[in-house]
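Listed below are the structures to be examined.
Two complexes come next, and they have one chain in common, subunit A, joined by subunit B in the first and subunit C in the second.
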Partner chain A sequence: MTRSNPLAELSLVNVGKRRRAIARRSLVGYGFVFPSLCFAAVFLYGPALSAVYHAFTNWDGFSPPQFIGLENFRLLAGDPVFLQSLLNVVKLAGWGVLVELTVPLLVARLIFGLRSFVAQYWMRMVFVVPLVVPTVVFVLVWGFFYSPLGGLIDALLHGVGLGALARPWLGDPNTALYAIMFMGFPWVDGFGLLIYTAGLQAIPDEVREAADMDGASKLRRFFRIELPLLSGQLRLLLLLTVINTLSTFTQVLILTNGGPGNATILPGLVIYQDAFLNQQFGYASAIGVVVFALTLVVNVAITRILRPVEF
Partner chain B sequence: MKRMIRSVIGSSAVLSLVAFGTLGAVKVPAAKSVPGAHLKAHLKVFDWLCFSQNSAPGFASTVLKSYRKTHPGIRLTIVPPPTNASNFVLWENTVLAEGTAPQIIAPPVAMEPWQDIPRHWYMNLTGLMNAPDPYVPGNHHLYGLFAPKVRQELQFHRQYWSIAWSGQDAGIWYNKTDFRKAGIHQVPTTWGQFLQDMRKLKQIGVIPMGFDLGDTVYGDPIPSVMAALESLTMQPIFNQLTHSQTKLVTVPELVRAIDTGAFRTTNPRYEAAWKLLKAWSAYFEPGAAGVGTGSATNNSQTMFERGKVAMFYAGSYVIPALNKMPDLNYGVFPIPQLTKKTSSAATPGYHGTGVWGGWGACPFAVTSTAKTTHTAAAVDNFIQYLSVPKNQERFAWDSGYVSNAPGTPVGGPPKTRALLETVRYIMDHPSRISEAETALGPGFEQSQVKVMQSYVDGQLSLGQAMSQMENLFRQAALQTKTWVGGQ
Partner chain C sequence: MFKAARRPIGTYTFLGLLGCLALYPLLFMVITSLKTDTQFYLHIGWFVAPFHWNNYVNAFSRIWRYIVNSLIVSGASTLGVLIISSLSAYAFARLDFPGRTFLYYAIIAMMMIPFLLTFIPLFSIVKSLGLLNTYWGLVLPYIATGQALAVFILRTFFAGLANDLFEACRVEGGSEWYAFLRIALPLSKPVLGTVAILEILTTWNDYVWPLVVINENHLRTLALGMVVFSSKYSTAFGPEMAAYFIGTVPLLLLLAVTGKTFVRGLTAGALKF
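Our next item is the complex of A and B:
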């Protein structure tokens, strides 16, 4: 005959109660999250999954789609416009990563080094305020700078006696993509600046003081202490820059429409044109799937290679 | 670009609507005898600003107001255009697909509805065109109110899917002052003279030609310009391709010719047209191949208005805007003819270079919404009202267009009239391939412009450009085949 242990029974009862309480609390939590999940499923994942499905069809956006297997991907592999767009986006991403990781960091560090907090504040403001300028306005202003007839850049070149260098920057296939890259000079991205500033502020003063006591120069302290400790921010901005560049198309849509010819064509623009102008939604979806796969691979690689350094 | 210009002008037109509401209203019979006066409906019309192109008291302020007055049961709403002209086709397709399109809609080109026939988005207007117009005493068929040439151009497989009360066409607009300065006293009539005149203009430091080679908007002049040049060089080929009364190559004929190889881009005559473009491009403004030139500040019309270029190629929709420039002394001439002296592809006779003809100004189609909302009778009535020749004239004058009513004068003030006479001449002499190539669709036109850009700026050799064009024609023919046989 066995006797039950009252303590154990009590403990079991408590555990049960605790579990039920946790479940209740979780249920409430899930209840709050549920609407967001629904919206995400319908408006984020739904279209994405739909694109994957339509990539295997000849859907024109209006008629019922017909399954055509891998035909879209086969066409894509030999599509010179798409291949050109990939080459362009690689160049653009390379440049984007270079300037996004360096210039805002440099400026953020210089501002962080200012003795006056008021000066720091105002300097940050100077670079962050342009964030509120709509992209379209920004792009149109640069379009004016590049204009071959009375544009600022050509006018400047003429003004300093370098008129021979003046050219239709966006109308020349040899310069159009580089002109797009040059946009935004001096490339102090306000968002990047804020991220780096936050990162710099998060580094404990003790770490810097220790480095100072060890006699590290400012340059050495930056490269050996601060930069490694900013690796999380660097990784974040790297990821965002790559994602943004791979999906970007606003600038080229407004300024060049991918031209002259296909000199500035980008995958995002190919998708837009094929889907919405040529009514080849199936083919455009296939491009979207390929771009998504590329973005995923690059991002996984970045997250694997660059691991943030902890304090 | 014409759409952009329309949108700029449109806002002032609305004011003029209010200000001049009753001036020059078309006289209509007393309310009792007005056809369809009893009808009740809410008609939505997407006019792409065709009813309000000009700020002068015109069509919208007279005819529309008059119609509203005599049809109190019909509520007429003019639907404003989408903000971005390049999204126009998409917007239309979307509202058509979801069944919420206005009952009357202005497609980018008259043949746009053809490809959507299998989708049942548009109503067949043949019955309406064959019926009498009750507003015109003695009229037996509505189609009799349109010039025969226009009627033929509007038909697809002998059916009407769209209607156009006015037409316009693209020509070369020139600054008379610049021409005089360069010692040019007559507009060029041959390609050789044209090149020579551009050389003269260049010598006096004027940019001869503004050319929006970045413009890819469906139905705009630049995407259609190759059809004009092909018309100069390919007459013998067209003679083989078509058996149509109008001598214009039809869409089915073009598709068949692409299929059978009768239309090949490797044909020296087709190549010759591209060589003309290359020779012409030497006189374009710097960076013409960049879309930036199609922007608000650098498009060729703006450059022309500011005196930065001596000529530009555009449709007659530019007249109202150009007339607003008090110091601008300008005229228009058709793309000049090719002679043996300039090219071995030249053939005898006058070859039309019009790219729009009677269908290129403000085509209108009736959507299936008319059926689903049971407003077809009101739609028919409104169309019959607009088709009254007097109304067609009013529609045309203020917009730089030419009425499609047979035998009507071009109208408007003397200055405009002289210009419109030339425009009508261009309209009456369309390129024989333009309609068929336009019907290949927006995708074809946009891709063709890309090839034109690359060829003009040297990214592609002639051979490479021709190879790409061959692919484009074949792809477009494949797509076109899906609807070209259906009715």
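Our next item is the complex of A and C:
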């Protein structure tokens, strides 16, 4: 009897088995991801592709859309309402960035410098608590502050003898957008505060000690050493602020409806009004595509141009 | 700014002042919620006795339904996100199948799609599925959008779990399903908590999507309900502010109970970038 090679036989059997095992495991894998993919296809990728398609159509949301090429985009370029909304959103984003990169950072650094950890914890909590106030409530309460009827701001102005300045802040086209910007004073955003704090905590103590040994002043130490090491956090908050501002319009939808005139119109609100009040679904989709493109550009620009500092 | 650090009294005063200003809108709600309209004009922005606790009874009787709706919608969305994203994150982290990387990036890339792009077509899809004026019309899209970040967070976590446990399970002949349910999930309770808080926060706060999907009053979520309340009873400041404060309490409670998990959920949004 010649000796067959048991190893070879075994491995042949194994290959078959292995293949089946791999196939079975692949099937298990697809089973696990199936629900996720279904949700993604139906409620995200489907609508996203549909938006891109409908941006090139004339569509009222009911009857079949007609393909009209770039007509929507041509109209957009000359639409004063849309252009005003872009200008407004740029102003809001600029202001948002300015505030987000300074106030929460200052507060984070001051709290971080406190000796007592208990004090640090509770001071941070004070600024985190306003984050749980629902957005809608925050907006409505600020609307209340601005109100010409028993509004807190006018009452304060009268109280200090500046009653002449009192006005319907949200109803005056000259002040409405600034009133929207001023909301949230003193702008100590709890989210930013937490992000900066995490960044400050990640800086090794040796780095600070080395700076102290060199006799650097605290102010110098902050600007020369800590700030560059926080560039990742700064960049993150810059990105988040710009992108959130581009797509948010809850505050103007509730408080001003874009008015008076178009003083506080924002791109999101134009989409909402065009689709749900004017049945211009195609046109609204085109605005959605423009906002998406802007988001991408901002994203790429900020991540490419502002590379984090390596150390 | 740093001179203050040597004299902490200055720092504490400054931070205390900012803190008072930051908390004032919340305090303003409480102050105003206890007043009649006459009292409101008497001393705007500060407490005036007697306190009208009845405003709370009045407000609660009108908004409890909205709170229940929000609890249902946020609860169902959170449960849905936890289920589908833990399943797929597990597969992306620990199973091998063709197209795994591509599919993973396809899910993650959804974070780059802004709501304003999908807004209009999503509405017409939800409408054609007959989901307008239903909880499903809110819950299903919330699950779909919420899963992107959840899959990212969970996959990172599952990938970091020690391999030995899963190997041992395989050697013993345990199925992947068993490994997922009995090993992966029990080990990831804290991170599942973070994902849950994140999802609760986003769904609880949403205003625009429920506004277009829900028309019937008895289905309105809290965010919608409060705006309706403000326009309907705009001259009854006390009950209005009481309603706002009641609407804030659920999340305040959640923060108080979950503490660190809550803060992690809050900042998890930063992982996007």
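Quick notes on this one:
We take it that the second predicted complex is superposed on the first by the 270 of 311 C-alpha atoms of A that agree within 3 Å, B and C clash if a C-alpha of one lies under 4 Å from a C-alpha of the other, contacts with A are read in each partner's own complex, and residues count from 1 in each chain.
Note that contacts are C-beta pairs under 8 Å (C-beta built on N, C-alpha and C of every residue); 3 or more make two chains touch, one makes a residue touch a chain.
Computed from a predicted structure; not experimentally measured.
Of the two partner chains placed by superposition, subunit B and subunit C are both touched by A:F276.
In the superposed pair of complexes, A:L140 makes contact with subunit B and with subunit C alike.
By the touch criterion stated above, A:F191 is placed in contact with subunit C alone, subunit B being left untouched. When the shared chain is aligned, subunit C comes close enough to touch A:V107, but subunit B does not. When both complexes are overlaid on chain A, the residue A:L177 reaches neither subunit B nor subunit C. Which of subunit B and subunit C touches more residues of subunit A is settled by the count: it is C. Contacts of A:L76 after superposition on the shared chain: neither subunit B nor subunit C is touched. With both structures placed on the common chain, the touch criterion links A:G61 to subunit B and to subunit C. The residues of subunit A shared by its contacts with subunit B and with subunit C are 61, 140, 144, 276. By the touch criterion stated above, subunit C contacts subunit A in their complex at residues 1-2, 4-5, 8, 11-12, 14-15, 18-19, 21-23, 25-26, 28-29, 40-41, 44-45, 83-85, 87-88, 90-92, 95-98, 100, 103, 106-107, 110, 112-125, 140-141, 143-145, 147, 151, 176-177, 180, 204-205, 207-208, 211-212, 222-223, 226-227, 230, 237, 244, 247-248, 251-252, 254-255, 263, 266-267, 269-270, 272-273. For subunit A in complex with subunit C, the residues that touch the partner chain are 22, 25-30, 32-33, 35-37, 39-40, 42-48, 50-51, 54, 61, 106-107, 109-111, 113-115, 119, 123, 126-138, 140-142, 144-145, 150, 152, 155, 185-186, 188, 190-191, 194-195, 198, 217-219, 222, 236, 239-240, 243, 246-247, 249-250, 253-254, 267-268, 271-272, 275-276, 281, 284-285, 287-289, 291-292, 295-296, 299, 303. On the subunit B side of its complex with subunit A, the touching residues are 86-87, 89-90, 93, 97, 119, 213-214, 216, 285-293, 295, 297-298, 303, 308, 441-443, 446, 450-451, 453-454, 457-460. Interface of subunit A with subunit B (complex): residues 61-63, 140, 143-144, 146-149, 167-173, 176, 255-263, 273, 276-280.
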